[in-house]
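Next, two complexes with chain A in common: one pairs it with chain B, the other with chain C.
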Partner chain A sequence: MQTKRTTFRSWWLPYLLVAPQLAITLVFFIWPAGQAVYQSFLREDPFGLSTTWVGLRNYIRLFDSAEYLASFETTVIFTVCTASLSMGLSLLLAVAVDRMIRTASVYTTLVVWPYAVAPAIAGILWWFMFNPSFGILTYVLEMVGYDWNHRLNGEDAMTLVVLASAWKQISYNFLFFVAGLQSIPMSLREAAAIDGAGPVKRFFTVVFPLLSPTTFFLLVVNINYTMFDTFSTIDASTAGGPGQATTILVYKVYEDGVKGLNLGSSAAQSVILMSIVIALTFIQFRFIERRVQY
Partner chain B sequence: MAGIKLSAVKKIYPGAAEPAVKGVDLDIQDGEFVVLVGPSGCGKSTLLRMIAGLETVSDGEIAIGDKVVNQMEPAERDIAMVFQNYALYPHMSVRQNMSYGLKNRKMPKGEIARRIDEAAAVLEITPYLDRKPRALSGGQRQRVAMGRAIVRDPAAFLFDEPLSNLDAKLRLHMRGEIKQLHQRLKTTSVYVTHDQLEAMTLADRLVVLNHGRIEQVGRPLDLYRRPASTFVAGFLGAPAMNLIDAEVTGGALMLAGAALARGLQAEAGRVTAGIRPEALRLRAAPGGNFRLDYVEELGGSRIVHGHIGAQRIIAQTDLAQELSAEMQAELPLEELHLFHATEGHRLSMGLNQPATADPQLVGA
Partner chain C sequence: MVENRPFLTFLAHVVLILGVAFVALPVWIAFVASTHDQSTFLSGSMPMWPGDNIWETYGTILGTGAPVPGAPPLTLMLKNSLVMALIITVGKIAISILSAFAIVYFRFPGRVLIFCLIFVTLMLPVEVRIMPTFKVVADLGMLNSYAGLSIPLIASATATFLFRQFFLTIPEELVEAARIDGAGPMKFFRDMVLPLSQTNIAALFVILFIYGWNQYLWPMLITTDEKFYTVVMGIKRMSDVADSDPQWNFVMGSAMLAMLPPVLVVIFMQRLFVKGLVEQEK
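Let's look at the complex of A and B:
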């Protein structure tokens, strides 16, 4: 890949230009992260009157807790379902748009709308539609004989948050997929058509492999999205319930810390979460990216 | 192997004001190498892509062999195409690129390997078989693209400007290879180019297209010697033929008040006279009709730019030619081409003598 090199005339200008970003990162990311790490070794009573150094005990206790391990499982299910649903659907839409790209401007705009919706609003939107008492989708489901109640049924609740989160992310994925598809030269597909590959085979043997850098990038983004950004969607729709059915790791951090005021444990959970994301991203870039290069 | 027959083929792109191809009839014989040539936008690619099945045919009929293929998918037409940008699959190795079309057709593995080895040997790409296209030079990619077409052993090869991304030297080389390859395989080929030299050298038969219509079809030398219109005349040959406004009066071709040629049996009136630069004979003569402007040296020959009256004329002469500011231009009569002044089609001059007749030099 070619990189563009810009030469600055004065040595301080580049530093000045990145300074605001560095400051923001420092104040809003590095510093709180450091605080979380520090706090995870402490135990503090809810009123902040006494603080004791407990070492790794917060962590040990977490991995002994069935509730925490269940939250792990919930997160995996939630992440896999949301990422595959939103990426699958947006790829489908992108392929459809790519075929008739002339009309795409209208179509594209429509599909991009959900991205402008705040996550909490997305949660409420879907919560309304699936509301057991007056939701329109609940009504439709009831007509086909399904008794929807995400307040009582954990699986219903999971479906609801997956739908709401995936829907929110579709537009973003869609834009990247369309751009990715557009960058595949038409002549490659034509060559494949002449080479006797039908539309489906063409997609899986030529188009999809060439789309893999885009897919990989979106995978990283989507996993990070589902692990963190879905917080407000969940908070607005199911609040982690019923029981612990939709309490993903990031929601549990909030529940234990803000609601339960167990700050030490909550901090330890944040640190674990942070390490998971760093590890995942590292693995993805280190090992998978190498294989998607062609 | 098979011939290709186009009957009144038209293409109208949706929303386009004018058809891109306006009724083309063409009968390509089995084993023939036909070159479609013409300026940019004349519909060459469109025509080729209709034969390939990559564009729908708006009207008319295309037959490959004895089958009408209008409704057939590209894969069913038994053709192979070489694209301008080669269209190699970037994520597959050279071998996979070449085998893709064969695997899709469920050819046995042994046969695939045999064909690839054979084609790779012919094209000298055997050392690169396991590389990805990105690790190849432009010329090597070009060969792989040809290899992918060859292994299919199709009824016809279609080429869309396959050499235009190569540098001049490599282009010349590959041109020779394509010609040899065709002599060896004798597969029907349709080749699109806008390079008239490529067209002249490769074609068994040349098709000159202009604005979606065929201007002239024929053997390259026939087209060169007897262009049917000012368009073909100006398109074939480098440097291009001089096309100058002149008048025929009393059997003489009058240019700037002086006769350039006599003994024509053409109708009197305004005409366009076509003179090949290499046909014009110059003789240093004070007071001659040709005024020298400047000279371009090509090494082996030179191009002399000048004018007769107000008309700019170029002549190609050998190095022995003596040059002076004023020269006498002479033209062998059978080297003169006359075209209709407004319509541009070729006019008869009543000349029946074969091209081998003694040059009849006519002075002013």
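Let's look at the complex of A and C:
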């Protein structure tokens, strides 16, 4: 690990400097994470009166339960839809902005501000637009003959949360795509143009392949975002329903733990999620270490 | 641009205008909703243009407070959000700049272990370990307090990582010169590292402020006392009334006010915001 060639010498000062962060990390991160692992091997009755050691049974039970597997499937569908919708739209916008010279900064500002909107508020806004009785989009859909009701129809509810989550993430993806596009040397595109490649061909044979590091990075970030940060969007709009239609994994941890008080199962789900996060982080770091040169 | 193609430029403008409209639509609708009175929504259709109820809605929200059951006055919630966001922002920057300084400028036993411990938290969002963290906070008696709202969210490795990366780019000569001149570590930190990190601190401030302001799940778990409700979770409570339709004009008006501070921060500090966002991910 890197340090400076010249360092300071003191046997107590560095410990003092890292102490606050270390203390908070241990108390609020490491200890609870350890507790989650420990608890996932226990079974506690809802009143907290007795606990029994059940080994791996919480995990086995989870992977036997149709509900949990359905939630896995929901998560995959949700993640794929949200990530592709949001990344597709932002790439389109980024390519369009890349053509602009004078108006680029104005457009950028106008696209970027939803980053600041809280995911929960994004959920409420879209929920409001799709309100079955007076929502504006419901009205439009009714005109084309579709009877929208996200309170009853699981697919409608899924569409709602996908739209809200993708909407929120456009600004982020857009910024990174614009940065990625700007880092592609103009000379490559000019060379392709001289060789007779049109704009579409140039995009697919020169620009898009050179953009792949950005795309891959964003893919990891978006998977992470849809799996965890969308909790608030979902809770504020559909609350996981109707039925289990929009209960993604992280929502189920909350539902089983906080609402259902099934602590053992909730903890086991936490552990599974944590391993997914760690795997994602690992992938991201492997990739970033290769790209960034210090 | 490689070549001049008017049609493509025109197409790009169309795409961008549609994109901007798509991005603005939900907020525009919310704004329109906040300017009509309650009866508009009962009539079953939603207007596209602002009504004339705007002063009444916002006046009520900011003045006496919206007549919505289960929610404290909005001004109180805005204040709570501000306090929470600021504690998180300042706290995170303070503890991470110190620990990054220690990790880069000292060699001490256990350094690698401490580094790893901090970095495990890099991507462990609070949503994943809700129950155990809640229990710790409850055991420490920090429910319904600003400390409970903010401290568990303070420790995250992203800021530490950013500062570490930045410190590694500070030229060695500066440390050497400082040591020759007889400056101790803390003097070096105060007179060299802090001034050099100014832009990074500002950029991080913008990102973390938005992060703190937009917290939802954690305040919802930690606060049962209305005095500590934050605005983002409070709006959810307002839209969630049992047995009746929510008063949409007030809910949407409050949502507009809740969005305003972070959106203004992004618009007016766009350069810092972009810098913070792009660097944080490196």
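Note that the second predicted complex is superposed on the first by the 250 of 294 C-alpha atoms of A that agree within 3 Å, B and C clash if a C-alpha of one lies under 4 Å from a C-alpha of the other, contacts with A are read in each partner's own complex, and residues count from 1 in each chain.
Heads up, the rule we're going with is that a contact is a pair of C-beta atoms (placed from the backbone, for glycine too) under 8 Å apart; a residue touches a chain by one contact, two chains touch by 3 or more.
It should be emphasised that the depicted structure is a prediction, and the values quoted were computed from it without experimental measurement.
> Is it chain B or chain C that touches the larger share of residues in chain A?
C
> State whether A:133 touches chain B only (first), chain C only (second), both chains, or neither.
Second partner only.
> For A:185, select first, second, both or neither according to whether it touches chain B, chain C, the two together, or no partner.
It touches chain B, and chain C stays clear.
> In the superposed arrangement, which partner chain does A:217 touch: chain B (first), chain C (second), both, or neither?
The second partner, chain C, only.
> Given the touch rule stated above, what does A:196 touch, chain B (first), chain C (second), both, or neither?
first
> Please indicate which partner A:258 is in contact with in the superposed arrangement: first for chain B, second for chain C, both, or neither.
Second partner only.
> Does the superposition put A:240 against chain B (first), chain C (second), both, or neither?
The answer is neither, since A:240 touches no partner chain.
> Should A:209 be classified as contacting the first partner (chain B), the second (chain C), both, or neither?
Once the two structures are laid over each other on A, A:209 reaches chain B alone.
> State which residues of chain A lie in both footprints, the one left by chain B and the one left by chain C.
190, 193, 294
> Would you mind writing out the residues of chain A in touch with chain C in their complex?
It comes out as residues 1-11, 13-15, 17-18, 20-22, 24-33, 35-36, 39, 89, 92-93, 95-97, 99-101, 103, 107-122, 124-129, 133-136, 139, 167, 170-172, 175-176, 179, 186, 189-190, 193, 199, 202, 217, 221, 224, 228-229, 231-232, 235-236, 250, 253-254, 257-258, 263, 266-267, 270, 273-274, 277-278, 280-281, 288, 292, 294.
> If you look only at chain B, which of its residues touch chain A in the complex?
Residues 52-54, 73-75, 79-81, 83-85, 87, 89-91, 100-101, 104-105, 132, 134, 148, 152 of chain B touch chain A in their complex.
> Under the touch definition given earlier, write down the residues of chain A that touch chain B in their complex.
By the definition above, chain A touches chain B via 185, 187-188, 190-198, 201, 205-206, 209-210, 212, 294.
> Which of the residues in chain C end up touching chain A in this complex?
Of all residues in chain C, those touching chain A are 1-3, 5, 8-9, 11-13, 15-16, 19-20, 22-27, 29-30, 33, 41, 43-46, 48, 94-96, 98-99, 101-108, 111-112, 114-115, 117-118, 120-125, 127-133, 135-137, 151-152, 154-155, 160, 165, 168, 172, 175-176, 179, 184-186, 188, 210, 213-214, 216-217, 221, 232-233, 235-236, 239, 248, 251-252, 255, 258-259, 262-263, 265-267, 270, 273-274, 277-278, 281-282.
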